[in-house]
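In what comes next, chain A is part of two complexes: it sits with chain B in the first one and with chain C in the second one.
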Partner chain A sequence: MPLSVALAEQLAQIVLAGVAILLTASVLQQFRTVGPKGHLLDALALVPQWKFFAQDAVGLDPDWSDDWHVLARVAAIGDATRPTPWQPVIAPAVRSGWHFIWNPHGRSQAQLLAYAEMLGRAHPAEPINPAGLAYLTLLRACFDVVSPDRDQALQFAVVATRGRHERPVFLRYLSLWHVR
Partner chain B sequence: MSAELVLEATCRMLGAWAFLSGAGWLVDAPQWAGGGPLGRDLHRLRRSRWTQWRPFDLLHDSRFLALLGGIQAALGLWLVLLPGQPLIALVALGLIGATQALRGANDGSDKVAMVVIAGGLLQAAGIALDQPVLTFAGALWIGGQLTLAYATAGIAKLRHAVWRNGTAIQGVLSSYMHGCGWAARVVRANGPAKLLAWSVIVLEVLFPLALLLPTSWLAVVLGLFLLFHLAIAAAMGLHTYPLAFAATYPATLVLGQWLRIRLGIG
Partner chain C sequence: MKLSARELHELEQLVVAWEQKAGFRGTAGVRARPLSLAELIVQRRRALERRVG
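After this line comes the complex of A and B, so read on.
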């Protein structure tokens, strides 16, 4: 047997062993809470974790399947007593038949709604950092949509709605007032 | 089933996924432009060493994102039209997938596709080098991960009372984010919701046993799962999932065949 063929066979066996090791690690990964390094291995699908719509939070929070919305309003600087009515800025898109095969904005929309959910679910004992990424992203989205005048301040709210029938609305987070 | 045919079928479906996903990124890229809500300039405010690193800017540049999407779509077309020459396309798709993973922007279908890309590469290398062990390693990786994905998703659902009593599926399909009008009507009553929830749980939990079925029966089971993913795409808008999962099925048939032979039931 030529040396190169023998070497290729040995390498193939090593690769097969590597695949078996990664599969075993993947099985173990399903029972673990994933840390930062685990997140990268998960995203690269080297040691993935599979829990489609059955994450650990499911069932623990009564609001885990709520829809998240971001609303904004403006008021004259220094007089927040007479604000404008709330205006919708970010909301889940109503599903169209096309989304079955073509839904290109699904990712960016999901990202914005994930930030809204992050603020909406924040524990009252851990105040939101207004310099944090989620807060600033939503604030910028609100300024883009509402475009307040220079003498106006803007405030946004994160609200949750549940279901399609009675659709109760829950206020989950209220921001500070901001000027441009 | 020859290894070449299995790889060709895998590549055609992976290619269709890559085209759809890449074209989606191309269209969605302006949403991630600097100065916009999802712009990279906001990410740079996070003062970690990673976000201050120069390549981070490139990764989060919307023009780069559009370029990646365009290349991914083109590579997808390559795999659909020329599935017999997949090596370079698979390597390039793997690099694009890794880049998206570093951006933290990949979803479940991207993860499934990454599994297929890695397994497809092993299969292609095995065929090119005439190393059946390497070809099998690719099938083992893809089929093993699919089996693990279905079983874990089923067991995770089984653990939650809200899945067992149907309220989870009611909640998800009645939401605007993950549901739609017709799906919400289907699960409005508790009976159909519970039936649907248990159908999903049983199908997913028992999937590993399906590997022991004769190939034609396993193909029927995988066909059912494809219908399941198509229904999810229609109800939840997760349009890239059916193709990503379908790309795992040829290798899973190979794994099932191998398993039955090893166990003496084939």
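After this line comes the complex of A and C, so read on.
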């Protein structure tokens, strides 16, 4: 029996050392990106591959911290008059403290922004399918918000901004014109 | 945070450049009969039905 107690203590120390190494590696990962060789050492992927308190994921380019917007405009079908100004449909919301407790539209808003990001990041060599789920969902959201007349067509744009002040604007995707 | 007036103005210019690059200008893309949302939904439904078998 005394032997098994000693063995248990040794095992506990080994586990404790393992947890301490894992925590140290996790903290170091927040400051320095581990290369492919480091990943080989972490074959079980125990060390988190993302940062806790930063927008940018570890090892990814700054484009991944973009804010995504969807805007729409309408124009008369077959008419060359100027279309209406762009109207915001989806924009990154300013979160209040209350949203931490109650934010019923948070998930749907996040899903729409994810679809916008999907279209915005699509490779130019691969044309977007207008009958695809992301395109259709965004188009439907635009029709719901803008509500064009029967004789008007609608177009939406996926736009990315970066930062909070004097932020640059990037047009990432421009849709076809559509009627309801 | 929504786009400011300056950013919307910048967007207008980007859209014009995009349309010119794509081969059409201004509202020329508003064809006589643009694709409707209902048609697209039907297309998607048919594609899904084909995929399911």
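Observations on the model:
Please note the rule applied: the second predicted complex is superposed on the first by the 117 of 180 C-alpha atoms of A that agree within 3 Å, B and C clash if a C-alpha of one lies under 4 Å from a C-alpha of the other, contacts with A are read in each partner's own complex, and residues count from 1 in each chain.
Definition applied: a contact is a pair of C-beta atoms (placed from the backbone, for glycine too) under 8 Å apart; a residue touches a chain by one contact, two chains touch by 3 or more.
The structure displayed is predicted, hence computed values, not measured ones.
Of the two partner chains placed by superposition, chain B and chain C are both touched by A:V94.
Ranking chain B and chain C by residues of chain A touched puts B first.
Within the superposed three-chain model, A:V169 lies in touch with chain C and out of touch with chain B [touch as defined at top]. Contacts of A:D67 after superposition on the shared chain: both chain B and chain C are touched. Legend: residue contacts after superposition of the two complexes on their common chain; A:Q30 is shown touching chain B, with no touch to chain C. Once the two complexes are overlaid on the shared chain, A:P48 sits against chain B while remaining clear of chain C. When both complexes are overlaid on chain A, the residue A:G106 reaches chain B alone and has no touch with chain C. Of the two partner chains placed by superposition, only chain C is touched by A:I77; chain B is not. Within the superposed three-chain model, A:S147 lies out of touch with both chain B and chain C [touch as defined at top]. In the three-chain superposition model, chain A touches both chain B and chain C at residues 67, 91-92, 94, 131, 133, 136, 140, 161, 164. Those residues of chain A whose C-beta lies close enough to touch chain C in the complex are 67, 69, 71, 75-83, 85-86, 88, 91-92, 94, 130-133, 135-136, 139-140, 143, 153, 155, 157, 159, 161, 164, 167, 169-171, 174, 176-180. Those residues of chain C lying in contact with chain A across their complex are 1-3, 7-8, 10-12, 14-15, 18-19, 22, 26-38, 40-41, 43-44, 47. If you check the complex, the residues on chain A that touch chain B are 8-9, 12-13, 15-16, 19-20, 22-23, 26-27, 30, 40, 42-45, 48-55, 58-59, 64-68, 91-95, 99-108, 110-113, 131, 133, 136-138, 140-141, 144, 161-164. Of all the residues in chain B, the ones that touch chain A in their complex are 20, 23-28, 31-32, 36-39, 42-43, 45-46, 97-98, 101-102, 104-108, 111-112, 114-115, 118, 122, 126, 129, 131, 133-134, 136-137, 140-141, 144-145, 148-150, 152-153, 156-157, 159-163, 168, 171-172, 174-181, 184, 230, 233-239.
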